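One chain, chain A, links the two complexes that follow: it is found with chain B in the first and with chain C in the second.
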Partner chain A sequence: MLRSMPWSIRLTFLLLFLLVVVALLAPLLTPYGIADQSLLARLKPPMYLGGVPDHPMGTDRLGRDIFSRLAFGFKVSVAVALLGTVMGAVFGCAVGFIAAHFRGWAEEALMMVVDMQASLPFILIALTLLAFFGNSLALTVMLMALYGWENYARLARGVVLSAVAQPYAEAVTTLGATPWRLYFRHILPNIMGVLIVQVTLTFPQIILLESALSFLGLGIQPPLTSLGQIMGDGRDYLSTAWWISVIPGAVIFIIALAVSLIGDWLRDRLDPTLKREFG
Partner chain B sequence: MRTRFWISRLLRTLVTICFVVTFTFVVLRTTGDPVVALLSPDALPSEIEQFRIQWKLDRPMIEQYISYGANLLTGDFGRSYQDGRPALQSILERLPNTLLLGGFSYLIAILIGIPSGIVAALNRGRLIDRAVMSLAVFGFAMPNFFLGILLILAFSFGLRMLPSAGMGTFSHLLMPSFTLGIYVAGTLARFTRSAMLEVLDKPYMKLARAKGAAPFRRVFVHALPNASIPIVTIVGLNLGSLVSGAVVVETVFGWPGIGRLLVTAVTARDLALVQGLVLVMSIFMIVSNLVVDLAYGILDPRIRSSR
Partner chain C sequence: MNHNSGTDADTVRKPVIDIRHLTIALPKSADRAHAVKDLSFTVHAGETLCVVGESGSGKSVTSLAIMGLLDTGIRVASGEIRFEGRDILTLDAASHRGVVGCRIALIFQEPMASLNPVYRVGDQIAEVFRIHTDLDRQAVRKRVIDLLGEVHLPDPQKIYNAYPHQLSGGQCQRVVIAMALALEPAVLIADEPTTALDVTTQAQILHLIRELQQRHRTAVIFITHDFGVVKDIADRIVVMEKGRLVESGPAEAVLRQPQEPYTRALLAAVPKLNPRDARPNSQPLVMEAQRLRKTFHSGGRRLAALDDVSLTLRRGETIGLVGESGSGKSTFARAIIRLVETDSGEIHINGQDITRLDGKALRHLRKSVQIVFQDPYSALDPRQTVGTTIAEGPVIHGMPAAEAGARARDLLAAVGLGPDAAMRYPREFSGGQRQRICIARALALEPDLLIADESVSALDVSVQAQVLDLLNRMQEQHGFGMIFITHDLRVASSICDRIAVMQRGRLVEVAEPSRLFRHPEHKYTARLLRAVPGTTEEVAT
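Coming up: the complex of A and B.
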């Protein structure tokens, strides 16, 4: 697999790896905490653009170091998105298995909910829940998990329905395996490939969703911070301090682009019947 | 057969709308007293009493649910607690602005997306094809709020050509609709390309060539109409991304539409307004999906007869 990896995908992996390493090492590289203010060094531009090496990416309106905040926000954004992706995948698969197991009206009802969620823009659902339940970190993570679960449910249901008709499933059942053992030990490993592709394609969308919500001031709340939130913070200072918004925006773009490219590549690799849509 | 298809499609639309109404009803009921949510805080005791009777809040849940639906049908979504006006009134005031922005964005998306998809398909594998498709991937991963900010920096603060916020003149419309349209354009380009590639291999294209039809005529008279079904589907399906995009883009550019109204309502937790906006936007979505489905029958006689 590694040998056939095109150079562009290798580069993408390298880029993501570097981002993660820098974010993890950031506390060692800079002496500033994410909330440390320096009123003497407010709205300082990045290094090489008139700034000082003390703040390589400049500072914001309170003199907080952008680089330190960026590294922290990166970790929060990625952690929230990862958690949401995994929870959504597990929940969606479980719903799909349940629908396929019970058939009948339970399947009808579950699949109807799936269709409904698929037919509405998710941001409407997210904003409704945020308005009625009020903002919290738990709700934000929940929303990320709620995004895209319907795709996993469809996928898991379809696979179970076609798999139970196959000889291996029949054999395992004859040997006395319970249905749940069949689903999780025998069918799930068989769809792992498709599932991983779906996860890689959903992850960037969740990153973008969290960033958009935080950018609007409805996602991650201070004192915690995320990439989208730093961006939203800098929106009022576009004319005087563009770097506050542009640097986190670029990072969001790079993550989304890199993971989408990897997802597209994985999909093409794992599913040779699928024609390359673009190249 | 045809009427059965139309009827089942209409029924599914109604069920979806019922689902949305149920969703807001359940959310509204699980978060506390609807009186607090839907009336302004300075409402008189007599008003509260009348509200309780009108929405049947002293009756069993099922009756409440039915009267909730009935009230929504008459356009009563409650009152905004920020200004005390009926929620529907605020929404209808802002709706034309969003329709203007959305319509113009769609125009941009179609004018950029479909031609570049066709050009890419006709030059399959060449440099121009790769360029168009790379741009489409870029557009897909580019967050619209980031693109909006870059445009503001370039055209408002850098070149001083376009206003950064507000509405009124044509130049106010350009940046927000481009930001909103470019994402849909990328998706459209991808799907137009693959739909065209599928058609270009068909025997009737060879026939058209053999009988001496000009390239222009082959593309627009023979190929494009046959590729139009998937393209129309994508145009329709992307209404959703237009709605979600409007929420963000209107906020970035200070465009006074219902998307920005929704964000401010959610921030202020103005529940009557949120509920009204979500219902109006969802129903708009659901109905336009229905229209797209019905448009197939008109575009493709094969679908009409097979159903």
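Coming up: the complex of A and C.
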């Protein structure tokens, strides 16, 4: 697998790895907490741009260290998006498997829900739920999970239907296997590749969604922080202190792009019509 | 003969295709360096050259090289392919298209796949004329309809406006042949053109190719693995093995006095039409199917796949189910094993009616009925080791894993694979080996009834013979009853106690092979028997 990896993908993996390492080591590199204010050092630009080495990425309007906040926000954003992606994937796949197994009216009903979800503007759903239930971390994660589940459901239903028609699936059935055994020991491992690709394609969208909600002040709430929230903090200072918004924006861009690139590469690798059998 | 001298053309008949020392290299990752190594042969006008070989012999690659259709990564390393005296490998893309598109035509195995499903077949043939000639619309239409008539398609006007899915496989292959012959090519390359067709259709298509060839003096390169077909149509034969030419010569000589051991082995492995008598059998019934009916509905059309079919089978007995595609033989098998639900009728396995079983009782029943599918490549879970695959059945039915593993290793030995095979994945095995694994998986449950649904059809003849032998031996050891579904009457004649002939969902005749072949009672059976390739002299004896 490693040998056939193009240099661009290796670079992407390296970049993601570095981001994670820096985020994890951040508390050792800079001594500031995410809420530590220093009103004497407000709106300091990044190092080499007139700033000081104490605050390598500058400070915000309350004199908080952007680098420390960024490292923390990165962890929150990625954790929320990962959790949301996994929950959405599991839920969506479950719906797809159930639809494919039962066929008939159960399938039609489930797929109708899927179509309805796909026809609703997601941001509207998010705003409505937030208006009803108020802000909370749990709700934010739930929203992330709700985003894109319909894609998994459609995808899973399709690939399960075609996998079940494969002779090997019929052979397992005729051995006397229960549907559980068939789906979990045989079908799932065989369609995992397709689902993983879907995960890598959805994850960047969820990162962006979280950022958008937090930027609007509807996502992660202080005292926690996330990339989108830091970006939102800098909204009023774009002309005077651009770094507050631009730096987290760049990080969001890098994460989304990196995971998308990996997703595209995986899709090409796992698609049997493009390459020889994956194994 | 001296190929290079133009003056010899008058004295010696010049070949249309002259392949000299052709070597085709494979990419580094392949299991061998060359798809074809130092291959030379010639084809003359009006002659049929049969290229015979098993899978991986390089016969298809050769035809693709002539057409310039080699996949990326596969390239001609050295040698010449001369067409009417010119080496077509040295031509630039435009002149290559001019020569190959107009003068050399190729027919593939799968007729449906060679036609574009969204265009009317007439328009697809017309396209050939539009690209290569400047005939006007009316003239093209007339030519196409003439062609459709020439390949004996009924009602050419109507066929012109039909879409490929509205035609049968045989009709599609006729359309493909019409398209290939549209520009009166000098060479027709037919790559297993009848393999996907029923025997009766195959006989008609072979006859058609023969007839058209004689009328147009086309040189035909006919690629096949079936010696029956070879006997019917070949003037000369080229035998290939692993990319090398093993033997070549006039058809008579190669078939009657093969010089090379490989050719002799191939010929010996060809299933003989050898109708046997039923073995005496007084064992209890293992299967009793009564008045099975099944109708498929699709888009307002009704297809009676099973129409009042009744059949019984004893332990230790083998019954052959033969018939054309769509005759309902696979539906019958799938009904017996409950992969298809019947509309009415009863199926008794060991005396118990199974048509209404479900859930746990059905899963328990599955232990006693097992199936081996046609395609060994898709029948094994690619992500499971062979050992786990074979042991799975016993494990499902409650055998401890260690004991099941031991049984899997025993069975691997019994089907002729080493014990280390248990740790490997299906992709590491050849088609024949995979089919052995499938058989081992089915036998691991010690079934009372084994269904072999075209289980040897996808295999090379030599491998086919081994797998048939394995099935026979296993039956002697374990005493299961076997339903053997096949379209190949030669195979059925030699291993079955009784043969059941199906046509359009009905069972038209059941008899032991020796009687069936001498005195077929039903018209359809007689037609089926006549269509078996390469058997004209054999049936007489």
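Keep this in mind: the second predicted complex is superposed on the first by the 272 of 279 C-alpha atoms of A that agree within 3 Å, B and C clash if a C-alpha of one lies under 4 Å from a C-alpha of the other, contacts with A are read in each partner's own complex, and residues count from 1 in each chain.
Rule of thumb we're sticking to: a contact is a pair of C-beta atoms (placed from the backbone, for glycine too) under 8 Å apart; a residue touches a chain by one contact, two chains touch by 3 or more.
Bear in mind that the values here come from a model prediction, so they are computed numbers and not experimental data.
Room for both chain B and chain C is found when the two structures are superposed via chain A, with no clash between them. When the two complexes are overlaid on their common chain A, residue A:G58 makes contact with neither chain B nor chain C. Once chain A of one complex is fitted onto chain A of the other, the partner contacts of A:G263 are absent, as it touches neither chain B nor chain C.
Contacts of A:L129 after superposition on the shared chain: chain B is touched, whereas chain C is not. Within the superposed three-chain model, A:R235 lies in touch with chain B and out of touch with chain C [touch as defined at top].
The superposition of the two structures on chain A yields an angle of 90 degrees at the Cα centre of chain A, opening toward chain B and chain C, reported in steps of 10.
Of the two partner chains placed by superposition, only chain B is touched by A:A212; chain C is not. Once the two complexes are laid over each other on the shared chain, residue contacts for A:G249 go to chain B alone; chain C is not touched.
After superposition on the shared chain, chain A has more residues touched by B, the comparison being chain B against chain C. When both complexes are overlaid on chain A, the residue A:G92 reaches neither chain B nor chain C. Minimum Cα separation between chain B and chain C in the superposed model: 8 Å. Within chain A, the residues touching chain B in one complex and chain C in the other are 277, 279. Looking at the complex, you find that chain A touches chain B at residues 112, 115-116, 119-125, 127-134, 204, 208, 211-212, 215-218, 228, 231, 235, 238-239, 242, 245-246, 249-250, 252-253, 256-257, 260-261, 264, 275, 277-279.
Those residues of chain A whose C-beta lies close enough to touch chain C in the complex are 166-168, 170-178, 181, 185-186, 189-190, 277, 279.
Residues 337, 339, 363-367, 369-371, 373-375, 378-384, 392-393, 396-397, 425, 427, 438, 441, 445 of chain C are the ones touching chain A in the complex. Interface residues of chain B facing chain A in the complex, by the touch rule stated above, are 15-16, 19-20, 23-24, 27-28, 30-31, 125, 130, 133-134, 136-138, 140-146, 149-150, 152-153, 157, 164, 190, 193-194, 240-241, 243-244, 247-248, 251-252, 262-263, 265-267, 269-271, 274-275, 278, 281-282, 285-286, 289.
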